[in-house]
Structures are given as structure tokens and as C-alpha cells.
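Take a look at the structure below.
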Amino acid sequence: MALNQARRIGREAILLLLSDQPDKELTRLNEDNWQACLGKVGSMEAHKVVAAIETAAKKNGLIKTDVYRESHALYHAIMEALQGVTRGQVQLGSVHRTVGLTFAILRGNPYENNEEGEWMAVSLYGTIGAPVKGSEHEAIGLGINHI
Amino acid sequence: MALNQARRIGREAILLLLSDQPDKELTRLNEDNWQACLGKVGSMEAHKVVAAIETAAKKNGLIKTDVYRESHALYHAIMEALQGVTRGQVQLGSVHRTVGLTFAILRGNPYENNEEGEWMAVSLYGTIGAPVKGSEHEAIGLGINHI
Amino acid sequence: MALNQARRIGREAILLLLSDQPDKELTRLNEDNWQACLGKVGSMEAHKVVAAIETAAKKNGLIKTDVYRESHALYHAIMEALQGVTRGQVQLGSVHRTVGLTFAILRGNPYENNEEGEWMAVSLYGTIGAPVKGSEHEAIGLGINHI
Amino acid sequence: MALNQARRIGREAILLLLSDQPDKELTRLNEDNWQACLGKVGSMEAHKVVAAIETAAKKNGLIKTDVYRESHALYHAIMEALQGVTRGQVQLGSVHRTVGLTFAILRGNPYENNEEGEWMAVSLYGTIGAPVKGSEHEAIGLGINHI
Amino acid sequence: MALNQARRIGREAILLLLSDQPDKELTRLNEDNWQACLGKVGSMEAHKVVAAIETAAKKNGLIKTDVYRESHALYHAIMEALQGVTRGQVQLGSVHRTVGLTFAILRGNPYENNEEGEWMAVSLYGTIGAPVKGSEHEAIGLGINHI
Amino acid sequence: MALNQARRIGREAILLLLSDQPDKELTRLNEDNWQACLGKVGSMEAHKVVAAIETAAKKNGLIKTDVYRESHALYHAIMEALQGVTRGQVQLGSVHRTVGLTFAILRGNPYENNEEGEWMAVSLYGTIGAPVKGSEHEAIGLGINHI
């Protein structure tokens, strides 16, 4: 069952986000047998962050649009990633704050055992703060789920 | 008030954790005017994770031991980082799971304006899962506070 | 103080919801000295679920409209039932999901001792999921309070 | 993607728990192509509830013991079911309360589409209250996950 | 249904706690037709805070020991008060912190309408912080419930 | 590091709110070297409560408007105070309830040691309940942060 140290899906999902050369990273990840995509979303509404990530996943073929189990897996990974960003209440505008985020989605098997099948990681990185320019600090989140 | 794009404390705190050459990274961070330290902790008890980070911060001079405001700032940064790792309940063994984490602490000013003074970032990266070898996936957390 | 095994208010409230013959069940419950009602609500807004249940309780005479203590008891029972449905954040549309629920409210004494007075159960059963037809699974919730 | 109204996994998991003839119900569920098991646990420690359900799932062959993805799916279903029972904090003895629960686990496909594959439901029913005989009321919880 | 401005149970419960002459205050409250008591508890375990308040309520006759509905009302008032003190997770030692609290319990009718019957307020005031002398700040909490 | 028993910032912030002579209290607090202000806000939206307190703090000079660290300190103190008021979910209208609050903000050093620097307390007192006149009870909250 052990995690494959060369295929740490969470670590890859975060390094992709923080990379200075994300396109090059995406190419490398594809060569390493990961499905991956990157996107951006800024909003005071958490549901728009969720929707932006879901849309990107579908458009880039990371989840099948007509199979609910894939959407379900992705949704819970997104919610977990949002908890790292929001730290306590998964709320933005309703508690007077806003986010500006980049996100990455990775899909593949991070385990040594083939039977573990496919997993998905959603990573978020950006800023959170008051709806006033500069009144913000960084935030990060990672959600991982089997798919 | 703007964040200094060359001094993103959260990004640095996470890249330090994920680096293949953490010692070299630590040296670079010190040269860039950050105080920084790294550590490890594995436990089924969240309070041991808190204590390990607090001890490392004090031993490495990142917070003053006899000034409560510095401990207070660090404590809240730790709790926020733990929320990214635990995603919902800041509980480990009490809900039958365990963590193996590396942590980093950074201290310095990530803003362009000197008046913003010092801030602290606590980053966590590792695995969370059942108390059974291999039954785990990765987790990450980041907490940032003014100090 | 013991629960009367023949008058388990929570069990009755759920079986009523899941029954294929709810009208027959309602009649039986009334004969067994329970006040009971049933309703339906679908929404992306949690406050509409709360309001629908409160309205049904008042219209069916399960709580007095001009006594706050009865509304207070009901409100907390509803909130507890919603936690079973939402499992983590009492949020629907704000985290990009929607519910289609049936609800039941029961009022009576589930204890052997008369002094325990009246209690109220709110049960919820239905689906929760993305605002896309079929992208949903079942959910249930139960809240119980003294009144 | 639609839920098969004849195969509502959550409804079945709860009716099994509340049945007066659970053995007969188990037989019927097996004939209907569900894997299912039933168990009991009473504790002031949430992790013992988690462990009892995991053990029952493994012993009855509802999850493979050597594939983490199956344990991961079960764990999250258990945690969601516990949120219905605990309504706010997934804590028992640490906030001075105890539970006496029966639990059911079901595995199978509740959707019309075969591609939705297997899902798992964990249902909990019993009492929660002070560690004093009779100082308790009923509680219920349901968690559903793809597997 | 309106609150009686001369009988604000929450305000009284807090002023009693913060008073320099609590005995005199207790006498005045009794003359004003409130049942009231005061106590102290320091602990790293939340369940000990709960138990101390429950014991004081029973010993001082604020709740009947053999009627669960009264314990149930008190328990939820205590949990709500603890949320003001803990602000996020109802956890103390498990997240490496401790409290030193005084508590007050009041029972009576704070509404103009007699039909509102009896209500209960639990107030908490003291310090919360690291298990290190002086590493603490103040905290307060108030829970109100019908009884 | 010890708290100065004559300068308990949280106690002062609450007594100011509950005082029958708030203007006299404000004068006394200023003479005792506290910065302080008082305000009122009623809303079904938590973000309006946050905004009202932030605006009052800036208008009364309790925080510098152009330094994010001061806004950051205040924001977290507000969120903590709101948890005492909301007890579980920092939500108002979205779970069908409303608040009518007075608030106080205090700034100064509550510790014996000068090195502890400045801290801030935000206190809230008022009513919470259904959006129906009289369907409400009292609530209180206190948040304290270093600044």
C-alpha cells in the first residue's frame, strides 16, 4: 500500500502551483503519467471557486462529465483544499474576505501498488484577506481523494 | 501595504519543506533576511505537534521565550496550519488517525512597507492516515500571523 | 429517566420519513399520542430549509407561534438535523451544492417518566449534491430537543 | 447518472438498522446484490467507534484489507456518519458524553448507470448523552462515499 | 414574547462573574427571583469543565438530578458557553492549551410573558492559554437555553 | 508575562458594553491609558457586523488604516468574538437568524511586562434569534489579539 516516493501527488500538485515555469512542469508531469491542469480564480464567493475548479477539471478531461462518482471525488478534494485556505469556516464574502487563487488538479496513482488505482489532488495557492488591495496574506490548501 | 512578490513568506515556507536540499535553502533564506528553522514530528496527538513546533521555534530563537505575544502569534499560526492538515476537525488519534510531518517556521517581513513589521509562517507537510503502515496520503498546511 | 423503548421519538421520526405509506403512519402516530407532520423542501439556501420546517410546525400546531421557547427548541433541533445532512459546514449554495429533502416533525414524551415532559424530533431525508440533475447522493439528519 | 429509486443505499442502510428483523433484512439485501453487515459499539471514545466499524467492514469482506483506497473511502463515510450523531464536534468523552450505537455498512451500486461503480454507506443509530444511565436521547448518522 | 429589559439573564450571569462582590450580587439575584450559583474550575480537559458545572448546578438545586430534560438543557448551555471560550474547536489539552475559569449559572424567566417559563444561562470567564504560567489571555462565554 | 490584574482588557471591554453609563466608562478607560470605542450594529449578514466594527476602529483611530498588520489583528479578534455570539457556525441569515449587537473595541497593554506591547479586545453583546420581533435571546462574544 506504500506511497511511491517518486510519485507524491500532493507534493507535485503544490510544486506545480509554485513553479516559475508552470508550462514546463505540466509537460514533465504529463510525461510522468499524470493528468494535470492549472487555473486561476478570484472571488468573494466560495461557490465560484468550487465551480471554477470543477469546470477546469471537466474541460481538461480530468474527470468524466457524465459520471457522478468522479464529480463526487473532485468535490470533496476541493472542499478539503478550501479548508486549508479558509482555516475554520469555509466562508469568504459572508465573513468579509476575498481570495485570489491559482489552482492545480492532478490525477494518477501515487502508490506503489497498481490496485490503489487513480487518485486526485487539488491544490490552491494565493492570497486571502479583506476586500481592500494589499490587505491580505498568502494561503494554501491541498485535498486528496481516491477517484 | 502590498505583498513584496520577492518575499512571499508562505511560498518560501512551503518550498523549504518540499526542497530536496533543505540545508542549502535554509542558508539562502538566512541570507535573504529570514529567520527560519525546520523540524519533524510524528504523532497521534495534536498537542504533541503543537509542542514540537513551539519547542523548535524557541530553541532556534524564532520567538522570545519570555514574551507571551510571540508565543500567541506562533500558536495561532500553528493552529491554522493544522487545519489544512486535518481538514475539518483538529483531531488525530481521537478520530483514529495519525500524522508524520515535517514543519518549517519562517519569520520576517513579507510586505513592501517596513511598517508591516515581522510576520511568521508555519508550514506543515507529510502524511495523514490510519495507524497502519501505508494507509495514508499527503497533507499540507500553512498558517501566517503578524508577530 | 430511561427512554421508553416503545416510544423512540427519533426512530419514529425517521421511519415516518422512509415509509411507503406516510399517511397511514401519521394516523398511527397520532393514535399513539404523538403530534406529527410531514413536508418537503428543495433549496440551495439553508435558511429556506429552516423556514419551511418552522412554517410547517406552526401551521400544524406542533409549536405555539407566540411562545419563543417553542421556536427556540425547534430551531436547535433543525440545526442539529441539518448537520447530519451537511456533515461539516451548514452550507448549501455557498459551497455549490443543493438539497431535495422531505422532513418530519414529532412531538411527545419518549421517556418512561412523565416528568420528562415533551420533546421534539426533526428528521430530514433526501439528496444532496451539485446543482446538476443526478449529481447527488442521499443524506439524513436527526435533531432532538426538549420543548 | 440518476439514483435508482429501487436501490437507495442510504435508505436501505438505515432501515436495516431500525428493523425488528435485521437477519431477514440482511438476507434480502444480499439477494438484492448488496454486501452488508451489522454491528454494535458503545464508547466514550470516538476512535473506538471508528475502529469497530473498520474492523467489521474488513472481517465481513466489505473492504479489502490491503488496498488503502477502500479504507480511505470507508473512513470518510464513517466520519460523515459521526457528524450526524455528534452534531457539531466529533467528540464524545472529551466533552463529557458517551454513545451506544448500532451500525450498518452497505456496499453496492445505487445508480442506474453501471459506470457509477460501487458506493458505500455507513449508518449509525443509537443514543448519545451524559455518562449517566438514562441521561440520553437518540441520534442517527449516515455517510455515503464512492469506493 | 419580548425580553424583559429588567431581567436580562445573560447580562446578569456575566455581571455576577465579573463582580467584585459576588456574594452581595448573589443575594440581590435571589431577591430578584433568580436561582443562581458560582464556581471555579481549572483544567486542560474540557470534560472536567463540563462536569464541574453540572455538579455545581445539581448541588445548588438549579437542576433536578433525576430529570434528564434539565440536564439536557444545561449541557447545551455549557457547550455554547465553551464555544465562546475556545473559539473554533471545543478542545483544550488536545490542542495544547489550558483554562482557568469562574462560572455562573442562572435560572429564571427573562421574558415579559409568563408562558416563556424558565430559562438557564451559563457564563464563563477566565483565562486560556499555553500550559505555562502567564502565557494566557482572557476568554468569555455565554450559553442560554430554555429548560 | 503575567496579566496585570488591574488591567484586564477583556473584562474592561465587556463591562464597558454592559455599563449603564458608557460615556463615563469611556472617559475612565481613556484616563487609564486605554484606547476605546463603542458602536452598534444589527444585521442578518455577518460581513456587515465585521465591516461595522472595522469602520469604527478606523474612524476612532484604534487601528492605522494603512498598515495591514493592524487590520489583520482586528479581523481575527472580531471573528473570535463572533464565535461566542454564533456558537457553532459563523452564520446569521444563511441559517435564518439575525443579531442586534453593541460592540466595544479596546487597545492597550494588559500585561505587567512592557515588552508585551499592545493588545486589542473586541467584545459583542446583544441578541440573536429568528427574524421575528421578540424571538431572540442574549449572546456575548470576546476576541483578544496582540497587535
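By letter and in written order, the chains are A, B, C, D, E and F; residue numbering begins at 1 in each of them.
The rule we apply is simple: contacts are C-beta pairs under 8 Å (C-beta built on N, C-alpha and C of every residue); 3 or more make two chains touch, one makes a residue touch a chain.
On a predicted model such as this, the values are computed, not experimentally measured, just so you know.
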| item | value |
| --- | --- |
| Count of contact steps on the shortest path from subunit B to subunit C | 2 |
| Neighbouring chains common to subunit C and subunit D, by label | A, E |
| Type of subunit E:subunit F copy interface by residue overlap (half), same or different | same |
| Label of the chain whose CA centroid is most distant from the centroid of subunit B | C |
| Remotest chain, subunit F as reference, centres from CA atoms | D |
| Rounded Å distance, subunit C centre to subunit E centre (Cα mean) | 29 |
| Distance from subunit C to subunit A - Cα centre to Cα centre, in angstrom | 36 |
| Gap in Å, rounded to a whole number, between the CA centres of subunit B and subunit A | 20 |
| Subunit D residues counted as touching two or more neighbouring chains | 1, 68, 72, 88-89, 91, 94, 111, 119, 134-137 |
| Pairwise chain contacts, counting only pairs that touch as defined | A-B, A-C, A-D, A-F, B-D, B-E, B-F, C-D, C-E, C-F, D-E, E-F |
| Residue ranges of subunit E touching subunit D (in the complex, touch as defined) | 45-47, 50-51, 54, 68, 71-72, 75, 79, 82, 89-91, 94 |
| Sites on subunit B touched by subunit D in the complex | 88-89, 91, 93-97, 129-130, 132, 134-137 |
| Subunit E residues within the subunit C interface of the complex | 1, 64, 66-69, 72-73, 76, 111, 113, 115-117, 119, 145-146 |
| Footprint of subunit A on subunit B - complex, ascending | 1-3, 8-11, 14-15, 18, 80, 83-85, 87-88, 110-111, 119, 121, 123, 125, 127, 133-144 |
